[in-house]
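In the two assemblies presented below, chain A is common to both, partnered first by chain B and then by chain C.
Let's turn to the complex of A and B:
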């Protein structure tokens, strides 16, 4: 807890940095924002009188200097007001909440599936070191790490949707729509976690206390399940949390590959239609989520391992 | 050490590092030669359309078949290597150089500037690579240049963190203190003593950064946010081939395979380099 509190000022600075980077990105992006807002408010109109544009510029402080605009925007963000989407004139927050579910479903399904397989593979590899099982697990995780997920997605569509016709290829809706995207993302989770779990378990299995247990005559399977696994869990949980950002990124690519609705499609759509409030909110959301989850993971690690409480944080 | 061994008349032991360098050099030379021979031998141009021979499956005249415009896929894959691997190389090198500079500067500059630089690094680090690239490339217009700029902006932070932590450790070693006492300037110490010691670990990180960036470049191009068709980038080729998946799956299979094999090869080389460096230490 003390460790966590000591990191709060740094955390606050990072959150401030994130907001500044996000604002800079939108401030320098090309296009007239007043015209975009006018388009959003009066979708039937084609041309807008200069007075109207001027009024909008005044309303949204578009002619103020960079720092003032940033402060206006940041003040609104702090009050929880993220603005209206240019595209639909509804609150950015509501649109976000509406799309969050699909992405969370996809991510959690894949995480569960991938972890289960990774766990199985890593356990087999560690209990039979040096055998073909071990080598196969390592090879599978190397291939998985190099696999472009969009390509794997297309291959799965080709095999299971086009040729076999078992699952629908594109879209959202039924649980059947979830199968292929979840498999695609789960393969990536499996690849990255098998490798990590295997090395954590190997490290735990080589600890001196394992030898002591063995000398006491405790069976190999009891050593593995009761002691080695428990020992390997802490770094594993931390790594899973740290890899959360990659999971979200993976989910976004997979969503776009399978034309699923969710945060990925929302981001791509709002970027292409220059819906600045939506883009800014999403970019900020991903960055803040990453920072918060990472800090929690670090705190967890610190709580479980006294050595990290004083150690300088490394890569 | 080596002199002692030579005096005894023993052969110099072949260090794992020099063996690694020789083998990597050989593999790279063979690959580069293969690429050049392929480009020299192929009778086609990457943008040369042949409407009488569209969507042809692999055959003697077109080893990898042709795409929806009758362009030779094999030729496009060869040219695509320059785009997919080359752009990722540029981005990862930019990240390596910028990150190393920031990290070593932070390590050298004392507590307050160090903390400031590292919090800035953390702020950039928070933006997931792909999301930042989609937002940047989308808002500023999808193009090759914007893709490279966007990915470079979010590629340097890992290097900065590693360079800083290595720089801090090495800065306290005896030979650096000795050099400082001997009156060497900061730049000379950095160049002669610190950089050679931090570079190997940074290079291991760089190989993984390069392969990750290859996936990002081709992925973003596939999603329409990167290199635009008709340029023969592998991800853009996949995008081209997607509508013809059912009738001519080879259009999308080969570019994806090219990405997979390149990334796998770079990752394995990086793993090997890490093992070799761990042995030599």
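Let's turn to the complex of A and C:
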């Protein structure tokens, strides 16, 4: 906790930087922002009368200088007012909350599934090094890393929805709707984590203390589950956290492929309809989530590994 | 470890998946006649009042809301909630309502109810508030003549008034309740919606046009056409409104599938910078148009089924306004001869012709948002090179491209517009090619055309307006302030059981009482 608190000023600085970058990118994005708002409000139209654009400029303070606009926006953000979506004129926060659950459910399910398989594969590979099990685990993780989520998603739809008819091909609402999207993302987690866990476990298994334990007559199973795994988990925690943060972003493709509700499809839809308040909020959220999750992982790692903590404090 | 056979593992996996599917699947739908349609766009809020913003487009298509006047499949005005519409003077329009029309809550649609619905358009804070439509209609007052007759009085003469009443936002609605948040008059009653995802309706037995054949209609937003096509194959949807063109062409070739196809009023065109730069040279501009093979563009970008080569700004299906005597041809030989004759030749032998001593390299931009834009841009570049014109292409952003065209930084902007969203022919030329048009960034100015457009707006009879706009179309083809390429054709595919579905050229209507699913 103390470690995490010590990182807070840095975190606040990072978040301030993210807010400034997000706003600057939005401010200098090509095209007339008044037109972008009009387009978000009337997506099927392409031309807008000048009076309407002028009214929008006045409504959104678009003719004020850059810094004033930034302070106006950031002040509202600090007060928890993230503005209204250009497209629906409803609160950005309400829309976000309405979609958060779907993405978190998808991400956690995928992480759970992917990690379970990754642990199994990595454990088998490490306990049977050089065998076909080891090679199969490496090959499966390589295939998973090379296969784009979009492609895998379409294959799963084709196999399990079109040909077998076991699961719905798209949508949200029931646990059945979660199966194929979760499998798609879980495959990516499995691929990423199998390689990492295998290498962390191998590193731990080759530590001198393992030989000492063997000389003491401790069984291989006990050595692996009580000691090797424990040591491997120290670096793994950070990588799992990074993967979880990446999963939130990976959900964009999967949610679009399966036409699911969630933050990913919300972000993609907002970008396409040029709904800047929604885009800015989501970019901020993903950046903050990434930073916070990584900081928490580092804190957790530091707590479980005194060497890391000491090193971090020195830095 | 026992040596299990492959069949054992296959059966075990299948049984596990089946058991999981059975446990996870929702209960079988109770509704007998339900249709699920996959469309590219979804609702923009959970209770989208059809009068606000662009919500009316979806609720109109879903058959929840209706307007006083509609646009027919031949793009002419058609009675809807109003059976009669009469121009009393330049500023007065008498509207006679249809007998026996009920709102979804069972109450009658009266002149007073219509007046109240229109008044909500200008009521700030009301969910149906729509300042854009208020400006478009420009209503000064609404007078109730009797229970079924109203007189709309506009602040200024507005010959497009009746056309503006076809705008889906001009829906006649009654204030909703918690139990029934949207109270319209259409064949389907709003049940619920999820932003950008789904719009669910149920049949309205008391609909004035007869009870709909469907008990329930669901419109699901699936933005990726490939995913929508898979959903159709999986049996999760009954109809895909915007099917991937290459797959449609394949089905057409194989004679499979329940196919629907209709030309729409959406035009893909190039807007040139004609005030300065190379395309201020009319010969060069004409050569560009002659050098573009519109049939090949449609064949290559939309598999030959997603568009129709343009002969002008309006499609042939827009019978009431299209000038059928004009055309745009592909004639590279003529283009080459014209260029040679005008002295626009390749004197240094580098394959690119010169104008005023400089290589002609046209800067062309387009934007993301319509799948056919990028390939059209790429093919156009190749076609222009074949007549000795260099072309530098890039994708940008719509607004930024317009600014660049206005500043003369680029020469052509490839765009796609609905040319007659309310069926009126004035919108597209007045916006894009009139001297004071809000999107005339080409620098084109033709007093003859401006006078014709002004005249068209001042006339109230369609018979009198038609020759005016026919001449406008001819001038546009002659001067080329926009270079029409092709009109988009919408292609849909059903599961073989869809009945009563027809694609509307303005993409404004979809659900009708006749829409059904064969049992």
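Assorted remarks:
One rule holds in what follows: the second predicted complex is superposed on the first by the 268 of 315 C-alpha atoms of A that agree within 3 Å, B and C clash if a C-alpha of one lies under 4 Å from a C-alpha of the other, contacts with A are read in each partner's own complex, and residues count from 1 in each chain.
Note that in this section contacts are C-beta pairs under 8 Å (C-beta built on N, C-alpha and C of every residue); 3 or more make two chains touch, one makes a residue touch a chain.
Because the structure is predicted, anything quoted here is derived from the model rather than measured.
By the document's definition of touching, both partners, chain B and chain C, reach A:272.
By the touch criterion defined above, A:162 lies against chain B and chain C together after alignment on the C-alpha atoms of chain A. Within the superposed three-chain model, A:98 lies in touch with chain C and out of touch with chain B [touch as defined at top].
Shared-chain residue A:154: touches chain B and chain C both.
When both complexes are overlaid on chain A, the residue A:288 reaches chain B alone and has no touch with chain C.
Contacts of A:258 after superposition: chain C is touched, whereas chain B is not reached. Contact with chain C, but none with chain B, is seen for A:36 once the two complexes are overlaid on the shared chain. Contacts of chain A with chain B, set against its contacts with chain C after fitting on chain A, overlap at residues 29-30, 154, 157-158, 162, 256-257, 268, 272. Across the interface of their complex, chain A is touched by residues 115, 119-120, 122-124, 126-132, 134-136, 138-141, 158, 161-162, 165, 168, 211, 215, 218-219, 222-223, 225, 235, 238, 242, 245-246, 249, 252-253, 255-256, 259-261, 263-264, 267-268 of chain B. For chain C in complex with chain A, the residues that touch the partner chain are 17-18, 20-21, 24-26, 41, 44-45, 52-54, 57, 131-132, 135, 194-198, 220-224, 226-227, 230-231, 233-236, 368-369, 396-400, 403, 415-418, 421, 431-432, 438-439. On the chain A side of its complex with chain C, the touching residues are 29-32, 35-36, 39, 41-52, 55, 87-90, 95, 98, 154, 157-158, 160-162, 164-176, 179, 256-259, 261, 265-266, 268-269, 272. For chain A in complex with chain B, the touching residues are 10, 13-14, 16-18, 20-21, 25-26, 29-30, 142-143, 145-151, 154-155, 157-158, 162, 245-246, 248-249, 252-253, 256-257, 267-268, 271-272, 274, 276, 279, 282-283, 286-288, 290-291, 312, 314-315.
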